[in-house]
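Order of writing sets the labels: A, B, C and D. Residues in every chain begin at 1.
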Amino acid sequence: MNLEDIIKQTKTYYCLECGKCTSICPVSRHNSNFSPRLMLERALMDSEGELVHDRELFSCLTCYACSDLCPSEVDYPVFTQKVRSLASGQGEHGDCAHSGVLFSLMRLTAHSGIKQKRLDWLDGCRTTQRSEVLYFVGCAPYFEPVFEDIEVSPVNIARNSIKILNALGIEPMLLPNERCCGHDLLWTGDVETFKKLAHINAEMIKESGARKIVFSCPEGYRTFKIDYPQYVKLDCEPVHITELLAQNLSRLPLQPRVKQEGISPEVRKVTYQDPCRLGRHLGIYEPPREIIKAIPGIELVEMEHSGGESICCGTSVWTNCSSYSKEIRIERLSEAKATGAEVLVTTCPKCQIHFKCAMVDKGAEKGPDIKMGVTDLVNLVANAMETRE
Amino acid sequence: MEEKDLSNPRMGVFICRCGINIGAYVNVPDLVEYAKQLANVVHAEHNLFTCSEEGISAIKRGIKEHNLNRVLVASCTPRTHEPLFRAACEEAGLNKYLFEFVNIRDQCSWVHMHEPEKATAKAKDLIRMGLAKARLLQPLAEIEMKVAPAALVIGGGVVGMEAALNLANQGFDVHLVEKESELGGLLRSINKLFPANKEAVKLFKPLGEEVMNHPKIKTHLSSEVKQVTGFIGNFNVTLDGKSEDNQVTVGTIVVAVGAEPLKPIGQYGYGKMANVITQLELEERMKKGEPVGQNLVMINCVGARVPERTYCSRICCMTAIKNAFLTKESNPKAKVWILHRDLMTYGVDFEDYYRKTMELGVRFIRYSLERPPEVVGEGKLERIKVYHELWRREIELPCDTLVLTTPLVPAEGNQNISRMLKVSLDEFGFLLEAHLKLRPVEFAMDGIYICGSARWPTDVTEGISQAYAAASKAAGPLRMGFVKAEAINAFVDEDECSGCGICEVLCSFQAIELQDRDGKRVSHVNEAVCKGCGTCGAACPSGAISMHHFTDEQILAQVQALFS
Amino acid sequence: MPEFEPKIIAFCCNWCTYAAADIAGTSRIHYPANVRIVRVMCSGMVDPIYVLKAFEKGADGVLVAGCHEVDCHYLNGPLKCDAMFAKLKRVTNTLGLENERLRREMISTSESPIFAQVIEQMVQQLKKLGPSPLRGGVKA
Amino acid sequence: MNKEDGRKSVLVIGGGIAGIQASLDLANMGFKVYLVEKSPSIGGRMAQLDKTFPTNDCAMCILAPKMIEANSHPNIELLTYSEVEEISGGIGKFRVRVKKKASFVDRSKCTGCGLCQEKCPWKVDSEFELGLGKRGVIYIPFAQAIPRVATIDKEHCVYLLKGKCRACEKVCSAKAIDFEQKDEHIELRVGAIIVASGLGLYDITSLTEYGYRKIKNVITAIEFERLTAASGPTMGELRRPSDGRTPENIAFVQCVGSRDFRNKAYCSSVCCMHATKEAMLAFEHHPGTKSTIFYMDMRAVGKRFQEYVARAKKEYDVTYVRGRPGRIEVDPENDNPIIWYEETISGRVMSFEAELVVLAQAMIPQITKEFADILGIELNEDGFVKVPDKLAQPLDTTKPGIFACGYVHSPRDIPDSVTQASGAAGRAAEEIASLGSRGGE
């Protein structure tokens, strides 16, 4: 796909150069070198070289804050995604965080030969070999060791997700050799590997005979719902666990009192961070809130910017995790603190990772007080149920 | 109706209580008694609502029973109720100008509620003043003047043609005067028309034929208007040109002489360099199907929105966008850039057209007056250098055809029109309408109307709407067959008049002109044209000119009465 | 003895200021009862003699009011009025009439509150000044 | 009535400046005109404006004489507080059913004294003042209303709802109150119809990024007009909603809902100029007031508009900033709105604190699909009256004999609307005349 095609596909040609995108962009507010509008100007003045070799190309969070307001409905995140694929064709990958470890892991799972051992954490979960419902675990087993030192346990999210499904009488099946969904590769321009992964996953799911795939990760969800269909045929319906829970709230044995994961039993006030993928990408704002409100004794307080206006956790797809990214996270956490909430609840493991990271960061002490609990909604729910026994 | 004897005033006073609106704050019975004592008052009464059926019949009764020859109503405001009471007088056989009105509600009871005595005293003053004026009132007639059932349309472009057809289809003889040897005006050199991209020829050719074959339209080609005398209803027009009958009399005139695109001599190498052309020249190339190049750069606002010509000519952005659209459409491989300073694609269709043009791949670059584009090339057109204002950098664009978008400028003819019809030009040389906001197709001078780009640059759609507008204004007097002159207008005492001509100069409506009266120069008021503002009277050094119904005597009588 | 009540005569153009006075009425905006309005078609038709006669007959103050220039029903009446007024003002100054006694205002239909204010103000000022020196008229 | 009469009369729908002008022109051509207006008074949007660009003359001063003329013209019959219910037949012989809505006031008896609205114990938001002021439940919409008669708003009248009150009846010495009054239906025969139903205001609460109705000191342009109008709720004292202070630093945000695919793709055409005008008015009311206008293209395309904008910059300290703000937030300390925008000329992302923000709310045609169906005309996808051949017959609708003008036809400023109105009148006259020659059947 060349630049002209990208301009057409994303309706970039409609750009009125009004600057609304840049004025709303969380990155531009901190990083004056980055401006969505100027990226588009370059495309329209077809200076492709400048575009693909600009390191800021990888600064975009693809959070959709801009396109949500764009009077010309230019799809800037997709523009970014496509231009990055041009860039990666020319050896540009942005500055990869965590020394690219995560990316090499993702690519490795694309090997058809590999036999993963990724399900050694299932204790207490009821799963089956054959079921209508498949739970897509995602990167959790790989993230677990990488992020345990900042007290984030993606595996725990997976475990709790399954327990909650069990509570609803669902015994999901899992793919023992599930591959990376490819989200991060797609959004950093490695379309080729992404396609490989998509095909392998689609094939396995087909064999599994699943009708419904449940995700606790919004990125996997978005990828299956929006991106896969462009490359592979999926004859089953992806759903996010929050949608599923919201529909079955009455059947959830929720108890007042919450503990564990840095959450004292007295916790009353929580605030909610809309992950970009779940919120602006897929328009899922209410289900998570309905669930939180359903937990007895928990009060939900909104941040200054919430729902469609909420601000991204500051990094996406492990690239350009810069001081600006840090500033965004601190700003967002300050907003969360300002609500008086003790815990920030999210529905995306990465939000959790990035916020926790900002807190443990050296020098964080010097900045504003941003220390607070951060956890995933499924953990919150699971805890509210566990206290039953 | 038999003429009333006015020699000695017999005045009737009708005072309205307006329910309690006047009655509660002004002592109305007291007013009645007071009025009765005043000179020449033969009858006074009060009514619950003088404007009600009862009130109106009370006035009529009063006029008959007491043979009144002046009537005064003291109630609300003449601005809304005068027509009603005047009609009542007329129905009772009293000339309606023998009626006087004083406002004791809006000026007394409602604004002095807390001071009833003062309100009553004031009401007495006002009634006394009103009667003082009423005593001097004279009957007036609204003279009607016949209107010649024909119209003159100057200008044979689409706008002029549409105006002519509209009038002719309403059954009036129309003289259409066009200086060129064929109809169509500027459209003859246009390729296609936005927003529908319809070929211009498909619009003006059929129109031209319709005009030529219309039994009611006499077309005078290669002709010009030489002289116009007279006024609304009766303009005598002299034409010079090939047509045999060069003397016509018309009731109304529509001006549609259009405008012409500026030729940007010397700008961006225009006139010196090959392939530096105007939008109009581009259209001619397209019409002939000539190649228009692979890399087109268009520069907007050439000679417009600049210190020496500050205005925006409204239609040029769309002209450029249209030609860019058509270029891309016929040759998708071609590259087209439009350099602009604000895109004026107002409304629904233009904005939509602009978006479609973007979709086709035409690129828009905003430049600033401070850093205008430059032509780059050794004696020939190679590239255009421009500062991309929103990208904040200088760029160079390959260019084999440079198209300059220039504004419409007033036609030379305007000067002549202005002199001949005694209508003014604005600071740019466009014709000046009577009121920019609410009288856009009229001139201050009655019976003459304006449409199309002679007044201000307009596209075809707007021009045609204006043509209908001007036509409907022009049709009014023709359909009625007469024009009613203001009865309240200026009149001259020719013995007093010194013929100084101050009034003639002063009058904004060309209603006054000096005429010879057996050797003596006196000013003469054209009742058909006079609007009755009375400013002439205020300025007349010899007090020779004054205005009916507001004469010096009448007003001074009011002043005097206040203090008597 | 009762407080001095100045007599003000106001020449108001039919289209704007007379209308403003009407709206003052319909809006029940109260102002002192010292003013008497003479309706004229246009402020431009106010002949200096109207004003002088008013003073001669005993007016304590005169107001000449009409449209703002742009609102004029007759294109440019207010300009003509201004020209007349400028001359007139010089004469009345020479006559020794205080500045506040002769006033020129432009008051549009929608400015009825302003009409009321102007009257209010004039009355205050004239009360301070006391009766016009020309009161009682010119004995022939 | 016979057909001949039908051919001598025309129905005009909408009593705004366009409808009034069309009526006057037709009446002056000798046609009998029925001017139908759904609200109690003619005057329309223009009556709500303080001043008009580019002359800055007072809207009411130039409108009122035309309203009065329409009211007293022998050839015009005003049907205010009335609605067209049904239309049959075609050009030359339309049959029109009009509902004269019950106003519970005998409009022939009412003298417009206004005592009733004063004494009415119940006050509701005034439509004319856009809710910035109150009116009685029995009311005369505004001071210069034509006809100047009272109307009882049956949605709110406590007597009509609960059977208690009748306060107005007690004070009306004209005995004009008539609670028994019923809707009246009349039939008209007309040769042609002109639609001039004017403009509505697009609901911009969906553009949450601008905080309208959330942030106190964010108002719309039309609300601003009422706040500067001498006859308005603040007597022409520009006061900001939060604390009644006179703002000295005002921001105008253009294209709010206009030129926006998510809302109205079209350009509303008049906002650039009314923002400029309002900035000037703010300065005139309170010299030294600083105004900043956030725009994309300054569409000053009319006669003298460029010069007007130049004057605004030079004499009224108006600054034009090219950039479309992305969000308006509020400083809880002082209720000042804070505008986030990219100054696109410098490329800098900045925030701008204003004391008052005025939004250029998109405007929409004032006509419903249902009403268009009654008329038998089509609308385009933006809801404006559909014009089959814009080039040849710019004022014709999809139904012969029905013409359109003003904002319902396309986004237009006042001069253009007035021109179209006269033009539509001309077209009606032409079509009816040419019928005559064909016998009209």
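Just so we're on the same page, a residue touches a chain if its C-beta (ideal position, glycine included) is under 8 Å from a C-beta of that chain, and two chains touch if they have at least 3 such contacts.
The model shown is predicted, which means the values in this text are computed figures rather than measured ones.
When chain centres are defined as mean Cα coordinates, C lies farthest from chain A.
With centres defined as mean CA coordinates, chain D is found 48 Å away from chain A. Centroid to centroid, with C-alpha atoms defining each point, chain C and chain D lie 35 Å apart. Spacing of chain A relative to chain C, judged by their CA centroids, is 76 angstrom.
Taking each chain's centre as the average of its CA atoms, chain B and chain D sit 23 Å apart.
Residues of chain D found to touch two or more other chains are 55, 57, 62, 148, 259, 322, 344, 347. Counting partner chains per residue, chain C has residues 19, 23, 26, 28, 73 touching two or more of them.
Residues of chain B found to touch two or more other chains are 79, 355, 390. Per the contact rule defined earlier, chains pair up in contact as A-B, A-D, B-C, B-D, C-D. Across the complex, chain D is touched by residues 15-16, 19, 23, 26-28, 67-68, 70-71, 73, 108-114 of chain C. Per the touch definition, chain D reaches chain C in the complex via residues 50, 55-62, 64-65, 112, 114, 118, 143-144, 148, 229-231, 235-236.
Those residues of chain A whose C-beta lies close enough to touch chain B in the complex are 4, 13-14, 17, 37-38, 41-42, 44-45.
Those residues of chain D that touch chain A in the shared complex are 208-209, 255, 259-262, 296, 322-327, 329, 340-344, 347-349. For chain C in complex with chain B, the residues that touch the partner chain are 7, 9, 14, 18-19, 21-26, 28-31, 33, 36-42, 44-50, 53-54, 57-59, 73-77, 80, 84, 116, 137.
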